[in-house]
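So that you can tell them apart, the chains are marked A, B, C, D and E in the order they are listed, and the count of residues begins at 1 in each.
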Amino acid sequence: MIAALVPTLLAETSEPQAGFPLLSMLIIVPTVAAVLLSLLPATRRELVRPIAITASSMTCGLSLYLFTQFDKADPGFQFVSKHPWIRNMGISWNLGVDGISLLLVVLTGILFPLALIGPKEDHDQKSYMAWLLLLEAGVMGVFLSLDLFLFFVFFEVVLVPMYFLINGWGHGERKTYSAMKFFLYTMFGSAFLLVATLALVYLHRNATGTMTFDVAELARADFLSVTQSRWLFAAFALAFAIKVPVFPLHTWLPDAHTDAPTAGSVILAGVLLKMGTYGLIRFGLYLFPAASSWFAPTFLTLGVIGIIYGALAAIVQKDLKRLVAYSSVAHLGFIVLGTFALTRQGLTGAVLQSVNHGVSTSALFLLIGWIYERRHTREIAALKGLQKVAPVMAGVFTIVMLSSIGVPGLNGFAGEFIILVGTFISRPVFAIVAASGVILAALYLLWAYQRSFHGEPDEASLGMADLNLRERLVMVPLLVLIVVMGVYPKPFIDRIEPSVAELLSHTSGHHDGGEPPLSSGDGYVAPTGDNKPASSSSHEGDQQ
Amino acid sequence: MGEWIVLVLGAAFALLGGLGVILLRHPVHAALMLVQSLFGVAMLFVAQQAHFLAAVQVIVYAGAVVVLFLFVIMLIGVDRAEDIRVEPLKGQRPLALFVAALGLVELIAIVAMQNDFGGVLPKTFEGTNVEQVSAMVFSDYLYAFEITSILLVVAVVGAVVLARRAPRHIDQTVDQQIDGAP
Amino acid sequence: MIDLVWLIPALPLFGFCVLLLVGKRIGEPLSGYFATAMTGGSFLFALGVFADLVSRNGEKRSVTKVLFDWISVGQLDVKASALVDPLSITMVLFVTGIGTLIHLYAVGYMHGDPRFSQFFTYLNLFIFSMLMLVLGDNFVLMFLGWEGVGACSYLLISFWFEKDSAATAGKKAFVTNRVGDFGLMIGMFLLFNATGALTYNGVFAVAGNGGITRNTATAAALMLFVGACGKSAQLPLYVWLPDAMEGPTPVSALIHAATMVTAGVYLMMRVAPVLEVADPVVFTVIAWVGGLTALFAATIAVAQDDIKRILAYSTISQLGYMFLAIGMHANAAAAFHMITHAFFKALMFLGAGSVIHGMHHEQNVKLMGNIRKWMPITFATYLLGWLAIAGIPPFSGFWSKDEILLSAYEGSVGGAKVLWVVGLLTALLTAYYMSRQVFLVFFGKERFLHSTTGGIVPIHGDSHDGNHAPVTPHESPWQMVLPLVVLAGLSLTGGVMNLPFSKSLERLARWLEPSVGSHEFASTGSTKVVLALIAVACGIVGIGLAYRLWLGRPLEANASLEPPLLQRAYGVDSLYSSVIEKPGRKLADLVADVFDGKLIEGVVNGSGSIVKLVGGNVRKLQSGFVRNYALMIAAGTVALLAYALLRAAA
Amino acid sequence: MITSLPHVLAATTGLFASSLGLTQADPNFPLQVDSNAGPTIDLPTIDWTSTAPILTLVVGAFILLVASALLRDRLPKPFMVVGTISTAVLAGLFTIPLWNRITDGTNAPTIAGALNVDGFGVIASLAICSAIVLAALNADEFVRRERIAHPEFFVLMLLSGSGGLIMAAANDFIVLFLGLEILSIALYVLAGSHVRKAESQEAALKYFVLGAFSSAIFLMGIAFTYGATGSTNFTEIRNSVGDFIVFQNDAFNIAAVVLLIVGLGFKVAAVPFHMWTPDVYQGAPTPATGFMAAAAKVAGFAGLIRVLVSALGDRADDWRPVVWVLAVASMAIGSVLAVQQHDVKRMMAYSSISHAGFILVGLEASGHNPLNPAGVSGALFYLVAYTFIVLGSFTVISIVGGRGDANHSVDAYNGLGRRKPALALVFTLFLLAQAGVPATSGFMAKFGVISAAVDARSYALAIIAMLSAVIAASFYLRIVMRMYTAEPVAGVSDGTGSSALRIAPGAWLALALAVIATLLGGIVPQVLLHFTDRGLF
Amino acid sequence: MHLVAVANPNPKAYLFVAMALFVLGAVGLLSRRNVIVMFMCVELMLNAANLTFVTFARMMGDIRGQAIVFFTMVVAAAEVVVGLGIIVSIYRRRKAVTAEEASLLKG
């Protein structure tokens, strides 16, 4: 009855790691800067911005360096940095990056300096900047963690700065409500995530005798029963679905977006939502391959509903930020669709589109933020004729908008197209319905653009200044990304694809009977004959 | 047979006393009924060969504790008889009776369900009861005995803290005190 | 020379980039000339490539030039690569050729516009996109161009965004096109799914050896045709084109007459091998959609007053002809008409633009008259275009239209003969409404002269000098006149490309054969002549009718010829509005307000309220009365004792 | 008192002697009984080491009491607080040899089986000593300001703490019960020590009435256990195989268990025995509330875990469902009602009920067959973490409460972030820690118990716990939000009147200690886990 | 055997008495308003527990049950001291001894 616990060693002898701890630095640099800022005496306010910008730029530089040093031939985890943390629970500081997370890390690195520099200076920069930097560290941690515990910690940590950013520096009367909603909604999901994580770990321990939170190790062993893996997947997926957000769990998003400060919206749309899609891929698919294929129709359906639903709701929004928020629901529907198409194209597209959406939507939020700074309103009805007074802003807006609509040659298309192709291969009906969302995307964005930018400027718009130099410079990297990723996405795809292929070959090894097997390695099935049902019959292909 | 008598008497004393405590409206009467009840329990102790305890029961309990009760009752006024027919809390009394009745039934049931003991004492005590108890208190319960001292100290200090008449300036307002403080 | 094919789109792209960055600094008119030079240079390269291609023999006339990997994931392998073959180079030639002319024209037309350089930025981007559309060797690159021209079209239609109508029209064009694009994408996916390839050659190779089932091919073909309908303004997706006339006239000429709208035709010609595999019903559908659109648009055109709208409906109608031809398997005829139409319709748009320019942005033909007196060159060139579209020999339009009618007459699809009659009827109507327009604009009385001032008081649009004093019509500057003359020449002689008199004279058809396949006409020479005569007769009747009605009697007498139904274009716009837009808006409102705002939010906030409600009620137990608390403890104890009993009993 | 004093003094002397290594404790000292006069009393050997921490607290309390009585006005101002802290620290230091025993594996029940200082006892003792230190630091300024009986407040705190230590180390029901009473009676008095405040007295009264009621039930539980097992000693109860047992019907055994749970459930404020908590927390002087929240919770759970796991581990299947229900009810009711509160102390009370639910989750998790050490370890970690968090929180609350200890409405926190940014930041940390945000010990605490629950496959309980944490987060955040965004209310939170804040150095020190502990517990939890993992087994 | 059973009561009888006394005390605590009487009721409950101990001690022939009662009495005394102290303290301020008068804190 009284089981003696095996004495564990307390000593934390970290295993020697060769080389520069690049990934750890990505987390440490912003954290240290955040602490530094919070300790900064009130008299040295002038140092706040330089410190924050330096730190985030350093992180950005590190992430870009990571991008260049990343070996695209290696589908596994690279730059792994593993130090035991809580030994007797098998918890370790375990960071690594692969093709699926690489671009998100880089995106995070790039977006944060822009979000710091972009908006006009607000009151109380000190804590604002500190929270933002902490947020950056958290997000980096989420994307880099290979340890489920560590991941959960970062996943939760991210909530706090975001809560404060919305609540403390947000615009709008409902910001408190929105911040609370954001926090509680996500925490609700985390509840299931934590329990499922632990259940997974313990089931693994019971089966193998080792207690570990290491994702790779958990994925390697095949120890879950069909029912277990379905339940666990459902719990994981719920947490991530809220974060994504997947319809119908999306209602926190418009509120949070609308009431967040510009930088908050940028980060929220740019990287925070990606934590959900990333989680679905990294943990949902990777850990529970069979269950994810069993749940795929559900998620495909929800994704498709999200696409149409988000777009429809966006059409009638009166607030620009809300509109973009609903458009995010639609766009993330595409990512979910691609993820659960479970084909190489679909997954690659989902990852790529995560980045694309991050770039485009951040740019949109920055622009809307600048409009708000100038006009103190985001009501579409209150804006008119901005193009005439602010042609550069209008031009930039147009490019970003077209990218968001998915015009080929800009980044939005590449991702969407790959996703749709990948989905069509395995689930044509979903792809067809999803593609119709493309029409709606054009509708709501163009209509909003027309109402706010076209026409003769009214009284209030007349004095509005165009983008200033700082704002233009902030936009440059985003526009470059929008074009480069649209014209030549190869460097990005090349880095994503091997990891995706690896993931799929991992998943194809596991599927429970009665389920349609995942398409292995490559989504495309019929090189020789047309053994796919023709379109007329393919409509019924997925009804079963 | 003798034990039967003691039992019935003791039980009657104890239970009637208890009833008296909860039914008599005057606190002084209640206290007296408490003495009766305690005495009844002491009788039951005697019936079960707990002589030492019976003595202590009478001396300490009925003697000291109830006196303390009476003292306080007197201190704060004997005239404060309570009208026990009034129950300001809605539903409290019926609920209390219901819960209590249920509890009694349960407790009785729990005891009654046990094996019948038939009144046989499996063991007899050696030596006198006082010796027995003291041997136990100073061996197995030595530590408990030691720490009762702490309990008593706590009680004394606590009583001092609570009952000490506050210094006169305490009747001032808080701010006055603070402003007036050096 | 073929190796340099990438320079063809590169030049306009370069022009776009330069103008985007420093266009404003270059200013007017240099930026216009620069853009023209880029397009012209691209035309010259195209000529070079064309010459190279001509010098090769048949087999080698299809060359793929890969630039880089574009989107490549697993089997999905999309390269940025150009397919140089007769069809694409033909398209390139007339796109860049006409494009150059229209660029030049625009230098004059856009004179004084505050966003002069921006206009050319867009134009160059458009040319680039159009070139990608026709040069791409795969569906995705074609789609890039396809969407690119759509986006440019959007930007250019709403170029004068200060006007709400222009902004709305731009949006409408884009969104309507997107509906078509949806079809195109699905078509692409179907083909990719069936063949694993997205290059034309790859798909056709699989299609050629029976790798695509008939059902797949049919579905793909129909979906692609939906895309074509959107871009080429066919029923039922044509509604955007008339509104697109809100754009500056050079845009209408270039995009909405000569080039972009023919993309759909190009697409259908391009995917001919797939169509061949598909069920023949596809051809029937295409032919009927084309024929009906032709007639439908022509009937609307007879009642329009806006000089550009007439041309717009005419364009729709003529595009219908092209699809009719494709439906009849006469791809070469379609291509032929596409080219001649590009000549004469561009000419007429530019002429109309010249008139509008001269009339200080007056577009109502009823307010014109006797313009020939003021703008003789415009008049002369317009006449050639008119005769060409009316199908009067030997103008280019006659030859190409005749071939389409012939193909319809011989056609094997269901109801081909009916379509032939439809075609003839359309020809008659075309001649009629174009004549009406010509007569109203260039002949008759000068209805525009203001009685008191003796000039025009500009009623809308910008007068260039910002001076609202009455002015009189004037001939346009040379930049505008020169393209008119060149295009007039081409309209006159364009038929030479493909004369039906002998096989050797059917140059275009033979040239395009490797790309679009061949189509043998069965009819003998005499039948052809009779048919041609009938067609010509239709044209002459139309002209005569118009002469009698529009020159022979006062305008007021013709009110009955323009029934409101036709003026309102059969009320399709309002129909769409009430059938699609309004319910759509209702649905969106429903989703956003009721479903999202009330239902889902209700559940979310409701759970919060439930917590509060429960809390509020439970809180009442915390009454502050110690005996209540004790009762709670007692109750808890009793409950636990009950548990003890129950568990022991179990 | 008179009778007991000699024992204590004797014990004290012995303690000092032994701890200084001067004399060997005489096993028969001081009560030698003449063998002719009845049975020989076999006096047990006093294991001074095991009781040293407890004795230190008691002796320290006496010294302070006597010194302050004799030298009332001549003592330097910080004498009481320094003395209290030194005593507590010394008591804490005396646990080191005990821990060494545990690492050596030589710990066993001592003093005739009355005490069993195992890992669990040591850590709970340390937690209580820490609570004394932090509460004393906070109380120093407070008692002076509020004119509360100054020396007695600290003395009672030390004595109450000794009761907690006794409970933590008890290996016998009687010792446990006495410890409970020492702890409780001192707490009743502490709650009522603000004699000029009606709320304080009301709190004392309610606490006392209900406490006495539940003590009686607890005592009946002990009686039943005695009847069921024939012993009050945990070791014997655990080893009882039936030969002792009088009553063999399970109903009796289970009834014994549930009655014990009621008594201890009251102490730890588990629903439905929680009703006293909000009123007492609100009414008691704030430093006392903080001490009560920490020490009573630790001691109560120490008792509960001792009873249920050490003594009645074999009956886990009987008590586990009860604990399950109590855990769920506590978490749910605590969270849901806390949302409704407008008084911060009351809110913290409900939050402490909710925390009790969480700790019960760990207990529930341990009650599976075979007993799951992770549950106890998790609960223990939770208790230690909670001690620091809650004392830190109450330190802030007592600062904000201001003169008269009255300013406890949530409005008082409006704009605190601007008036006292550091204080607001610290409070934010404590609130977030209570909400279970990572990088704080609060998260690791929740993680520990949830982890144990999942390990024991109590999935439903784990999920309910996490969901109630979501509800709980909402009211913690509400305070945070007020501190940073809400507009101050005149006279309540605008820095005037009673809302003018003064932060004594002692309070800063307490806050600093609590912050350090909270952060360390979140960032390097393995240090504490290393200890808590040796909790009970 | 039978005779013995008649001669001496079954020890369970004592238990029944104890249970009844215990519940009686509880009822009093729940329904009396005078705090002093409520304390008396607690004493009744403690006595019931004591009786139970003694009964078990006798049934098992184990003296420990009696020793325990000794401690219980100390506890009861200590409780009474403090409880009455609280009452006195309250009475000084408010002249009130009914439980309902202490209800400032609630909700």
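Just so it is clear, contacts are C-beta pairs under 8 Å (C-beta built on N, C-alpha and C of every residue); 3 or more make two chains touch, one makes a residue touch a chain.
Fair warning: this is a prediction, and the values are worked out from it, not measured in the lab.
J.: Among all the other chains, which ones are in touch with both chain A and chain D?
T.: C
J.: Look at all chain centres (mean of CA atoms) and spot the one farthest from the centre of chain B.
T.: Following the centroid criterion, the farthest chain would be C.
J.: Which chain has its Cα centroid closest to the overall Cα centroid?
T.: Minimum centroid-to-centroid distance belongs to A.
J.: So, what's the distance in Å between the C-alpha centres of chain E and chain C?
T.: Roughly 96 Å, centre to centre.
J.: Can you check how far apart chain A and chain C are, centre to centre, with Cα atoms defining each centre and the answer in Å?
T.: The separation of the two C-alpha centroids amounts to 37 Å.
J.: Return the distance between the CA-based centres of chain B and chain D, expressed in whole Å.
T.: Distance between chain centres: 27 Å.
J.: Hey, how far is the Cα centre of chain B from the one of chain E, in Å?
T.: Computed from C-alpha means, the inter-chain centre distance equals 4 Å.
J.: Quick check: what residues of chain E touch more than one other chain, meaning two or more?
T.: 22, 25-26, 29-31, 33, 38-39, 55, 59-60, 62, 64, 68, 71, 75, 78-79, 82, 85-87, 89, 99-100, 102-107
J.: Two or more other chains touching the same residue: where does that happen in chain C?
T.: In chain C, the residues touching two or more other chains are 619, 622-628, 630-631, 634-635, 637, 641, 644-645, 648.
J.: Indicate the residues of chain A shared as contacts by at least two other chains.
T.: none
J.: What chain pairs are in touch here?
T.: Touching chain pairs, listed by label, are A-C, A-D, B-C, B-D, B-E, C-D, C-E, D-E.
J.: For the complex, give me every residue of chain E touching chain D.
T.: Per the stated touch rule, the residues are 22, 25-26, 29, 35, 38-39, 42, 45-46, 48-49, 52-53, 55-56, 59-60, 62, 64-65, 68, 71-72, 75, 78-79, 82-83, 85-87, 89-90, 93-94, 99, 102-107.
J.: Show me the residue ranges of chain C that touch chain A in the complex, using the header's touch definition.
T.: Interface residues on chain C, with respect to chain A: 68-76, 115, 140, 143-144, 146-148, 150-151, 154-155, 158, 161-162, 164, 166-168, 170-171, 174-175, 178-179, 181-182, 185-186, 189-190, 192-196, 211-216, 218-220, 223, 584-585, 587-589, 591-593, 595-596, 600-601, 604.
J.: Under the touch definition given earlier, write down the residues of chain D that touch chain B in their complex.
T.: Listed in rising order, the residues are 1, 3-5, 7-8, 11, 31, 33, 37-44, 46, 51, 54, 58, 61-62, 65, 111-115, 145-147, 149, 152-153, 155-156, 159-160, 162-163, 166, 172, 174-175, 178-179, 181-182, 185-186, 188-189, 192-193, 195-196, 204, 233, 246-249, 251-252, 255, 403-404.
J.: Which residues of chain D touch chain C once you look at their complex with the stated criterion?
T.: The touching residues are 205-206, 209-210, 213-214, 217, 249-255, 257-259, 261-262, 265-266, 272-273, 275-276, 278-279, 318, 321-322, 333, 336-337, 339-340, 471, 474.
J.: For the complex, which residues does chain C have touching chain B?
T.: 623, 625, 627-628, 631, 634-635, 637-638, 641-642, 644-645, 648
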